[in-house]
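Same chain, two partners: chain A is paired with chain B first, then with chain C.
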Partner chain A sequence: MTKQGVGSRVLRKEDDRLLRGRGQFIADLRMAGLQDVAFVRSPLAHARIRGISVPPEYQGAVFTAADLTDIKPIRAVSGLPGFKVSEQPSLACGKVRHVGEMVAMCVAATRAEAEDIAASVQLDLEELPAVHDMLAGRKSDTALLHEAWGDNIFLETNVEVNIAAALDAPIKVTREISTARQCQVPMEGRGVVAHWDNRLDQLVVHSSTQMPHIVRSGLSECLGIEHGRIRVISPDVGGGFGHKGILLPEEVVLCWLTMRLGHPVRWLEDRREHLTASANCREHHYRITGYASRDGKLLGIDCEATVDSGAYSSYPFSACLEAAQVASILPGPYDFPSYRCRTWSVATNKCPILPYRGVARTGVCFALELVLDAIAREAGIEPHELRLKNLVRPEQMPFDNITKKHFDSGDYPQALSRAIAAIDLPALRERQRRGEADGRLVGLGMAIYCEQAAHGTSVYAGWGIPMVPGFEQATARVTPDGGLELRVGVHSHGQGHETTLAQVANEILGIDISRIKVLHGDTAFTPYSTGTWGSRCTVMAGGAVSRACEEIARRAIAIGAFMLKADAGTLSVRDGCVCGPAGSVTLQEIAYVWYRRPQDLPADVNPGGLEITAGYKPQRDSGTFSYGAHAAVVAVDAETGAVEILDYVIVEDGGKLVNPMVVDGQLYGGLAQGVGTALYEEMPFDGSGQPLASTFADYLLPGPTEVPEPRMFHMETLSPYTQFGVKGIGEGAAIAPPAAITNAINDALRPLGAAELLHSPVTPRRVLQAIAVARMGKAA
Partner chain B sequence: MAVKVSMTVNGKSVSHEVEERTLLVSYIRETLRMTGTHVGCDTAQCGACTIHMNGRAVKSCNILAMQAEGASITTIEGVANADGTLHPMQAAFKEHHGLQCGFCTPGMVMSAIDLVKNFPDTTEQQIREQLDGNLCRCTGYHNIVKAIKAAAADPASAKAGV
Partner chain C sequence: MKPARFEYERPSDIAGAIALLQREDIAVKIIAGGQSLGPMLNLRLAQPDLLVDITGLAELKHVEESSDCIIVGACITHADMEDARVPDVTHGALPAVARSIAYRAVRNRGTIGGSLAHADPSADWVASLAAIGADVLIRGPAGQRSLAVADFVTGVFEVALEQGEMVEAVRIPRISRSARWGYYKICRKTGELAQAVAAVLHDPEQAVFRAVIGATESTPVVFTDASSLFGGNSVTERPHALDAGLADQALAAAGMTDKLDRQIHVVALRRAMDKAMRA
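The block that comes next holds the complex of A and B.
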């Protein structure tokens, strides 16, 4: 049999249906009596609602907050001290706090008709001053989103370790660095189809979500219906990247609506809604100072970080999801003795924030790595030399860093050295000296990060949000014909779990993966799980599948020992058989006896049989730390501001890779999103809080000609704490590209004096501005 | 006002009364109940809704069903080989891990089949440029490009008939 277990590059089981157009995405569901919903959304960022008028012919087809008297607002509380709670009404109540906030819900036979009704609803709004700038929003003389708070600060945090010791350092570099607001942009928008199942007396909610069990808990809280009367099904999901890790107000109101009307209702997020009315992410501002010795030894980092959290706290990750993490992850993979970081999560009149691949890591990596390059320039050393002096060394592993992150394993300096070797630094520097025939400027940039993944109870209990991951569970069932069913509460929306979790089971039981069925995405038949986020599934669900299969193996051996008349201690499971010195019996034969001929079983057989739910946590639940070093070579046209990526190298270490083909796919995809963050993607707002990108003509995604093919190199340092030594790696490749590419651009612009790009995305306009500023400085 | 539209879809004649404003993609998805053709942007930028109309790849979210009157339409459901095996382009996407979530995939495959028909000796650069109307958020495109290159070189492609 071809090897299919852990480490095998096997093709994916889910591909066939998707390639034939037989995927079942949320918009593909059909139900008798289904009606479509369109929302009247606020055209203003901040306004008091004076009235909502519905034409008489549409009474009964339009619902507002006044109708939803029995629904509780969404409350995503954080247990961090000082966190201020926002109450997000499912339909706006009294005020609207961002453009796109839902004010009324319209229902009709088709979406087009529902949109016609929505267009006929008149809103009488009294416009209020909008908070569109988080730094202004931090001040006391600004408009208030949630009046009872007295300010606009969801949460302020402060971490300080021995910062006084760094203040007199010979090198002191301060920069103001910021990142644009982004949208996650899965190719499939969100969507909800809700109906009431009379037979089961149960609300059935199909939703394009990464976390069906968490959505169920949220719905239960908002609707006041017990969990047992709610079933959430997540069908094929067309990408998530964090955007679908949320309890949607749309989910809440569609559930209410189907109970009110008695027929199925559906809402599908269109692209305009996604870009202008859904959650955003990653709008950060840093005022950051790096302290170093003359020879480039990092002595301290001092930072003030502000995150634009939008109008409400999203369930379950909360409004401080990014800023609170910034303080703990800003030190990155480096070892230095002094640190201070103050953070603010600021409420503004924009969509709430949600996680996006890498969450705050993309921003902190950008801020820190840009400052490190600035320090290297000040110290007069190569940027990689500076980093090699300061990275945590392999002999220090496992290592507790300055914010008490526990790095489990790895060789960060080797990853960086390999990346620099692959780039061929001397040749690149020589090329820069020679200059380009076309007059463009060439530069090299790098960035290195480590990514905490699959972090569990101890981390999230401290955070105190509505969701704390505990043991991850999986159910394994040998079928009567010797196949295997796996049921997991995590969800797959591109990650390939139908294949990779089957590979994990194959590693232990040897059952051919064509005979292993992975079932996920339905609260009715999967164990509770917080779902798919935080690069956790391979570690957590893979570990749970392992534990379940190990127990299946033990039970099969007990039955097999009886059938073989052998001592169980001499038997093992291999290639789908229980094997011993004197013979073997297949799992199929064992399953046949258990299910079909119980009269042949031993008297003391385990009554649990060939089905088991097992739970798993790594030996430490503080998270695995995969890491990567990225190096980019770019050419910048100083006349047009255009940037071309000439070469891109990734050296990554994700521990044991269950399916290297799938991991490579994650790296390719992460890089593409990182390139988008670095050069293209931006959700701008005007001074009245209006979002200015509403189609893919304004919100630019990288296409096939914009993403370079990286040269990828793998390292394999096993995690000491997880099954097989795996580490989470799903988000990593999206973290470093903005920093690596921007550092490369800044390196390219060095001949032009002080031109330095400090804001992502680095658009041609920003490049030209930076050059103009540098030239003006020179002229002065 | 309702109008009657008639066309051939995947070799079968179909005819329905639809609202004048019905988009071709809505007709295919909602009326014909063929949901392999996806809607990703509504504005003809992402390419998830790509189908073949009279032998050319077009974005079905950007034309009315009425404009397809009398046309011959092929959707993703119509490209597999007659014996049920995957079309060489579909097979190449699987072989080269050219899909992750699978949402953009039908549109990608439809564009790619058209691309190879128009540029049989295609290069990587040409594939990237020709694929500019199709967005994918998962794969970073490389494996899609590899798949298309492999399918273009596969003699079975020429015989596949789509």
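The block that comes next holds the complex of A and C.
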């Protein structure tokens, strides 16, 4: 048997159906009597609803907040001190607070007809001043989203460690840095199909979600129905990235609607809804100062960070997940003595913020790594030299950093050095001196980050949001013919769990992965889980599968010992067999006896048999810290502002890699999204809070020709706290590219003077503007 | 994003199509490749009562080559041009333009007639066919007429078609073997519409030196005699370096107020000429 266990590059089992177009997504569901829903969404960012009028012929097909008297608004409260609570009505009530907010729900036999009805509904809206700019909104006490608050601030935090000591450092660099608002753009949008199962007396909700169990809890709270009467099924899901890590108001109202009408109802998010009603991530602003000694030793960071949190607090992550994290993770993988970070989560007339792959880290890494390059220029040293002087060193591990993050293991300097070696820095600098034949400017940029992943109870209890992860569980069941079923509460939508969790089981039991079925995405038969987010599944669900399989092994040994007439202490499980010095018996034979010939079992057999649910937490649940060093070489066309990525290197350490090929896939995907953040993706808003991109003609995504083929290198520094030493890596590659690429662009533009790009995405126009500003500066 | 209700007809001859187009009681729209109209229907930016699908009309797939030109039917696709399934009378110039339009899936359906009739200022055919000196052959209730591409496109998404008229074909002149052609498109990424585009045809044998700057805020800026733009006095003279100031002025005069916008359009023109001279 070829090796299939932990560390093997086996092909993904799920790809057989996905690549043949045989996946089963929400839109593939067929159900008798199904009707489609289209929503009337607010055309204004902020307005009082004076009236909603429905033409007489459509009465009965249109529902508004007035109909939904029996459901509760969505409340995602954080326990952090000072957090202000928002109530998100499932259909707007009294006011609309962002463009795209749902005002009425229209149902018809087809989506086109439902849209006809939606188009006939007239809204009488009294426009109110909109908060479209978070910095202005932070200060405004006139345009208020939630009047009772008195301001627009969900939460303000302040972290301070000895900042006074840094203030008169010889090098002091201040920058204003920001990242645009983005959409997550999974290939499949959101979607919900709800119906009532009379036999089970149960609401059945199919939803394209990353967290079926959390959705069930949220629905139970909003609808006032007990958990046992709700089943949430998440079938194949075409990408999540955080966009589907939420209780949707659409889910709530579709459940209500199917109970009201008695037939199945469906809503499928279309791309315009996605772009204009769900531009919900990444928008950060930093005013950041770095302090350093002349030779580039970092003495302190002082930052004011503002996050545009949108109109409501989303369930379960709340409105302040990003800003609250910014303060704790801004120091990155560096060691320095003084720190201050104030943060604001500002309510604005935009859709509610959600975590997007990398969560706050992408913005934080962008801000910090850009400032570090500015300091390196000031100190007159190479950017990697500056970083090497300040990175936490391997001999300091495990390391508690300035914000008390506990870095479990790693060799950050080595990762960076390997990336720089792969780029061949001297050759690159020589190439820059020579210049390009086509007149373009070449530059090198880098960024290094560490990513807390799979952090658990101790971390989330402190934030006090509606969802605190505890023990992760998995159920393992040996089938009567010796196969294995694994049931997990996490969901796989691109991560490859159907393969990697099978590999974990294979590592312990040696059952061929073709005979291991990983079942997920259904609250009816999987153990409770907070779901898939925070790069947690391999650590948490992988750990749980390990524990369950270890127990299966123990029970199989007990039966095997009886069958082999051997001492259990001399036996072990290998290659799907219980083996001992005097022979072996296959798990298939043991399963046969357990299920089919119980008369042959030992008298003292464990009655739990060959099915068990086990729970797992790492020895320490403060998180694993995977990390990566990215280096980019770009060519900038100073006449057009176009940027081409010539070379891209990723050195990545995810601890033990269960399947390095799957990890490569995660790196490709993360890089693609990082390139999008760096160069293309942006949802602009006008002064009245209107989102300005409504199709992919305006909201640009990188395509295959824009995403470079990265050169990838893996390091494997085990985590001391997790099963096999694995670390979470799912988000990592989306964190560093905006910083690395923008640093490269700034390096390329150095010959033109002080042209510095500090806002993502770095569009051709922003490049040209920066050059124009630098030219003006020179001329002056 | 589903279209509003519409009726659909697929006539089998051009007279039948014209008859449908003449109806005044309802809003009628032609659909060819659907690559521009499809999204507009889905976004409900267009809500016609009747769609007339012209892809069944054999006349519109017709191609006729003669000594001085080729006439290609309106429903010839970008891919037909790219693959030179239609004879190429431009020594590779137009197949290369076709290749720079969108990506293959769009090129398989999108048509040359649809592109001209849609008249997106950023469309590749609008700028390139104006530079090559093509004419649009128009068919209507009163018969056939023709207009130079530059006269056919009258504004942003606006063309000189009267009620009941349609684009029947495009006449593309044969260019000399010695002619120099350069086309340069600046766009954000592969498959996007242009942010700036320029085309230059220098064909002294036929006394032609034409330059076009496209992807402007209105119609393309056409220099029917580009010699002075390139430091010369006559179209037969070998061109010199681009007079960027002159090009910039022309763009400003055409209403392009943004300096950086003018800059990239001038760059596109200079690079189109560089390509022509290198060819």
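A few points about this structure:
FYI, the second predicted complex is superposed on the first by the 776 of 780 C-alpha atoms of A that agree within 3 Å, B and C clash if a C-alpha of one lies under 4 Å from a C-alpha of the other, contacts with A are read in each partner's own complex, and residues count from 1 in each chain.
Throughout what follows, contacts are C-beta pairs under 8 Å (C-beta built on N, C-alpha and C of every residue); 3 or more make two chains touch, one makes a residue touch a chain.
Nothing here was measured: the structure is a model prediction, and the numbers come from that model.
In the superposition on chain A, contact is made by A:T705 with both chain B and chain C.
Legend: residue contacts after superposition of the two complexes on their common chain; A:G21 is shown touching chain B, with no touch to chain C.
Of the two partner chains, both chain B and chain C are touched by A:A697. Once chain A of one complex is fitted onto chain A of the other, the partner contacts of A:D270 extend to both chain B and chain C.
In the superposed pair of complexes, A:E115 makes contact with chain C only, with no contact to chain B.
When both complexes are overlaid on chain A, the residue A:H520 reaches neither chain B nor chain C.
In the superposition on chain A, A:R536 makes contact with neither chain B nor chain C. By the touch criterion stated above, A:E188 is placed in contact with chain B alone, chain C being left untouched.
More residues of chain A are in touch with B than with the other of chain B and chain C.
Comparing the two interfaces of chain A, the one with chain B and the one with chain C have residues 110, 112, 270-272, 695, 697, 703, 705 in common.
Contacts from chain A toward chain B in the complex involve residues 11-12, 14-25, 27-28, 30, 110, 112, 185-188, 236-239, 241, 270-272, 493-496, 661-662, 664-665, 667-673, 695-697, 701, 703-705, 707, 709. Put simply, chain A touches chain C in their complex at residues 110-112, 115-116, 119, 270-273, 639-642, 680, 694-695, 697, 700, 702-703, 705-706, 763-765, 768-769, 772. Chain C contributes residues 1-5, 39, 43-44, 186, 188-193, 195-196, 259-260, 263-264, 267 to its touches with chain A in the complex. Every residue of chain B that touches chain A in the complex is listed here, in rising order: 19, 21, 29-30, 33-43, 45-46, 48, 75-77, 80, 86, 90, 93-95, 97, 99-106, 109, 127-129, 131-132, 134-145.
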